Amino acid sequence: MAIDSMKIAVLVSSAPYGSQGASSAYQFCASAVQAGHKIVGVFFYQEGVLNASQLVSPATDEVNLPDFWAKLAIQYQFPLEVCVSASLRRGIVNETEAQQLSLNQFNLKAPFVLSGLGQLAELSAGADKLVQFL
Amino acid sequence: MIEKKIGIINRTLPHGTAFGRESLDLTLAMSAFNESLSLFFIGDGIYQLLDGHNPSESLQKHYQPLFKMLELYDVENIYVCEKSLMQRAIAQSDLLIDVTLVDQQRLKTKLAVQDQLLSF
Amino acid sequence: MSILHTINRSPFQTHALQQCLALMSEQDDLLLIEDAVIAAQAKHTLFKQLTELAGQGRLMVLTPDLEARGIKNVIGQACSYIGFVELVAKHKSQMAW
């Protein structure tokens, strides 16, 4: 760990495909951990919640960003928090929500977790830096 | 630990995108955890506060009344870019809530003191 | 007390770069990413202002995004993702435009 290691929280506001923002966020996080910094958590908000869909299925020669996030988060042990209200509006649902809403399906990918905006406040409070990707 | 100063910058029109609505949701939620929030309305963001939204036939949520909750939630630092208002021929009296008008120099100073910035 | 401004849109598409430049303080840096990297090459109305920033060492351009778009001969300092992380370390906060 570098001496001047930072604790960084990242806010992702854009979808895994269709615009570049979430890819930029991923590359930033991967470089930050490589450089010895700590990602305290990535919070997915707005269109960013779509990064948490386990149904994202690009062609095999293309990047599957939800997979990339999952692997990086497991390797470097940081949480992938997904805003629950922004998620439900956009059709990202976990098993518990699906039961409560009487939906037949759920599609939240592990290890992403649905959480409230209070969780963003907590990440923000525990981080030296907050970096946002639109 | 000293509470972080968080600046939330609104620069997008309402209803065409959900940026404004989701920025307000975030502000109201974060205000329960952080008492050092400042809101900034710049550029097209000032239309968030232009009184009289009625988006029902546009199939958009009418979230504008929730701006009145800011006062109840003790979010009092609300800064609006004076130049952005002038460019759009909108007067302070046309706005839904009480705000502080700021010129660009003051805006820069207010932004510089924030520990974290969230942009919508 | 300084801000790292990051911008991801072309100056031909939105006014974000103009707004950003108007609100930058003297200690702030600007990093062009994604579509905004063309602002360091194309002769748009804000190019002179960017040239001044570059002269002061305050304009950075994300190299992978230049390469992705085949853009060459730009003003400002080339910056990798690691450089991006270092810029975040240097500044108090980041503002995404």
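Letters A, B and C mark the chains as written, and numbering starts fresh at 1 in each.
The rule is simple: a residue touches a chain if its C-beta (ideal position, glycine included) is under 8 Å from a C-beta of that chain, and two chains touch if they have at least 3 such contacts.
Composition by chain, UniProt nomenclature: A = Sulfurtransferase TusD; B = Protein TusC; C = Sulfurtransferase TusB.
On a predicted model such as this, the values are computed, not experimentally measured, just so you know.
Peer 1: With chains as vertices and touches as edges, which is it: line, ring, star, complete or other?
Peer 2: complete
Peer 1: Between chain pairs B-C and A-B, which one is joined by a greater number of C-beta pairs in contact?
Peer 2: The comparison resolves to A-B.
Peer 1: Measuring centre to centre with CA averages, how many angstrom lie between chain A and chain B?
Peer 2: Averaging C-alpha atoms per chain gives centres 25 Å apart.
Peer 1: Going by the touch rule set out above, which residues of chain C reach two or more other chains?
Peer 2: 93-94, 96-97
Peer 1: Where in chain B do residues touch at least two different other chains?
Peer 2: Counting only residues that touch two or more other chains, chain B contributes 116-117, 119.
Peer 1: Tell me, which residues of chain A touch at least two other chains?
Peer 2: 129-130, 132, 134
Peer 1: Chain A touches which residues of chain C in the complex?
Peer 2: 8, 33-35, 64-65, 80-82, 84-86, 88-89, 93-94, 96-97
Peer 1: Mind pulling up the chain C residues that touch chain B in the complex?
Peer 2: Interface residues on chain C, with respect to chain B: 1-3, 15-16, 19, 22-25, 27, 92-97.
Peer 1: Flag every residue of chain B that touches chain C in the complex, lowest number first.
Peer 2: Checking each residue of chain B against chain C gives 7, 9, 11, 42-43, 104, 107-108, 111-117, 119.
Peer 1: With touch defined as at the start, can you tell me which chain A residues reach chain B in the complex?
Peer 2: Touching chain B: residues 11, 45-46, 85-86, 116-118, 120-122, 124-125, 127, 129-130, 132, 134 of chain A.
Peer 1: Going by the contact rule set out above, which residues of chain A touch chain C in the complex?
Peer 2: It comes out as residues 4, 6, 8, 13, 20-21, 24, 27-28, 30-32, 34-35, 37, 129-134.
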